[in-house]
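The chains carry the letters A, B, C, D, E, F and G, assigned in the order they are written, with residues numbered from 1 in each.
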């Protein structure tokens, strides 16, 4: 279950987005999308940190549904 | 109360014991070899209290034990020992002590330290510990190496998961340490949730090493992807930790594939287990705090990303709005410049056309005027010069005429002189005479003979005479 | 027109026009037309930036609002 | 004539005439004719420039009016 | 005669006569005739200049009148 | 005789006579005749010059009279 | 005889006689004759010269009298 989105994967993706925004290599066209994704990843990690396994599973199920890929 | 029984008061017994001890040990001192455990040092009074023990060299089991203390001279000797050897007087050192035996009615038996042999530096415990460590390194090169004072094991070379949330806890069921650990985790102020699986075992008594090893193997066999394994042992005397210096425990910890965090609950020593584990901490509470801090670090990183993204996004917009604005003003200004330049260009061309057209006409007119005035003056000069030429020629002709006639007259004059000079009339005036014979002028005397009649004609006179004589005349009188 | 235009493309076209006007390589004959196009592109970019900013701010507000403290 | 004339072409012709006049390489015989042509071209260019300016200013005014601050 | 004469041709002929007179390479026999011709040419050129000037001034006056400031 | 005589020819003949007299290459027999001829030529040249001058002056006077100033 | 005699011929004959007399190859009897001839020629030439001079002076006087000044 965590294999789909681990803390590590979330962290790396987040770091990548932060770097891109930092480097101004994100175009205006996708900025909102990138920030949205970052926000989801942060919320995911924080929620997961502070939730029991059951709660986490629920969140992941929701996120998987809405994740843009 | 049993009044008829023969008894004595404890104080009487203690006095008798004291008498015998004093009789046998009073004033006597002994050099004794043993290990120090449960050592405490009261700094303010400079008292040392400890248990002096002897261990079986093979089983590591304690075979003799007595309380001991040092103060006064004894403490000074210990201080000297520490200074000389650099070895702190502490647990697990094997020492050679000069002691006296004392018995006190209240405090009981005790050895009083009088001196310590500084040459006997390392305790047997430490020797054994070192031997165990050497053996671990020697026999398990695949997952234990030593570099300097550091031990590198498979376990402590692992990386912690970025978040430690699922934990296998190895502790004793009754351990206060386990409770401390759990409590600390559960009451963390950040709201982090943990999933802790208990693996109970006996974590004291050096003979229970095999049980601990079995628990570690059980964690491995569970196949559960724990983020970390925590080994906790809280409370108890120093001797209770010998379990964690066990070879097999150290080996199992060193090779374990999940990072092991220890919180063995001692303050003064580091066990072989600690040395082999990933993250040794001093106490169960510290172990829990370590995990919380680890997760907290992760969350802080997340928040840092969030903060950076927020700040950068806002900068991003002001930067892009600024870029747009600067392009905007660039376009506005330069468009106006283009129009202004073209306007200037037209005005300039207009000026050039107006001014230069007029100046072309002006210049042409000046040329014409110059030419006209040249034409007005030059022909007059030509005519004047010609007139002068003519006048000149007329003068010349007049002058040359006069000269010409004068010259002609002078040429004639020359001939007049010559003819006058040669005229016979003029010759006769100079005394010459003309001879005529038979009225013929003679210039050759051969025709004149003596007796002939000749006429001599002079300038004004004619004489007729007869020749009487005829001689030759050399004429030298007139040679010049 | 703007529907299929990206900010990136619009900005690049705008920068190109700005360069041409700066170099005075735009003839008077087409200047008005170029300025008109630039004006449209600027409006497009501003609108796009503004909407992106609003969106991003909304995401950020949500992010900060939902931040567990 | 002016209908098919571009500003560019008019300006170039004008500049050519101005050069010729400036060099006094125009003969008196055609001077009046050249000046007449120049005058026509100047009027044409000014008109064209004026209309371009008006148009550009209108666009710029709109741009500044609609500028989000 | 002057109708088909250009200013240029007239001026050149005039200059030629002026040169000949200047060099005194004109014989007295034709001097009067040459001066007469020169006089005619000068009058022609002046007339032509005058008319050109008038025409140019008229155009320039129009130009200055319509000059945008 | 003078009608077909040019100034140029007259002047040359005159100069020739002057030279001959100067060189004394004229015999006394024809001297009087030559001087007579010279006298006639001088009169001819002077007359011609005079008339040319008058004519030129007239032309110039006309020219200057008509000169636009 | 003198009527057909030119000054030129007379002068030449005179020069011839003078040359002969100077050569002294002339006998006294011939001399007297030559001198007589020479005397006649001299008188002729002097007369001719005189008359020519008179004539020339008359022409010159006329020339100067009629000279336009």
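Here are a few things to note about the model shown:
Here, contacts are C-beta pairs under 8 Å (C-beta built on N, C-alpha and C of every residue); 3 or more make two chains touch, one makes a residue touch a chain.
On a predicted model such as this, the values are computed, not experimentally measured, just so you know.
Common neighbours of chain F and chain G under the contact definition above: B.
Note: centroid distance chain A to chain E, computed from Cα atoms, is 94 Å. Taking the mean of the C-alpha atoms as each chain's centre, chain D and chain F sit 67 Å apart.
Remark: chain D and chain G have CA centroids separated by 99 Å (rounded to whole angstrom).
Per-chain Cα centroids separate chain A from chain B by 38 Å.
Chain G has residues 11, 49, 52, 56, 60, 63, 67 in contact with two or more other chains. Multi-chain contact residues of chain B (touching two or more other chains): 191, 303, 306, 313, 320, 328, 335, 339, 342-343, 350, 353, 357, 361, 364, 372, 375, 379, 383, 386, 394, 397, 401, 405, 408. The chain pairs satisfying the stated touch condition come to A-B, A-C, B-C, B-D, B-E, B-F, B-G, C-D, D-E, E-F, F-G. Of all the residues in chain E, the ones that touch chain B in their complex are 7, 11, 14-15, 17-18, 21-22, 24, 26, 28, 31-32, 35, 38-39, 42, 45-46, 49, 52-53, 56-57, 60, 63-64, 67-68. Across the complex, chain C meets chain D through its residues 27-29, 31-32, 35-36, 39, 42-43, 46, 50. Interface residues of chain D, counted against chain C in their complex, comprise 6-8, 11, 48-49, 52, 55-56, 59-60, 62-63, 66-68.
On the chain B side of its complex with chain E, the touching residues are 343, 347, 350, 353-354, 357-358, 361, 364-365, 367-368, 371-372, 374-375, 378-379, 382-383, 385-386. Residue ranges of chain B in contact with chain C, taken from their complex: 191, 303, 306, 310, 313, 317, 320-321, 323-324, 327-328, 330-331, 334-335, 337-339, 341-342.
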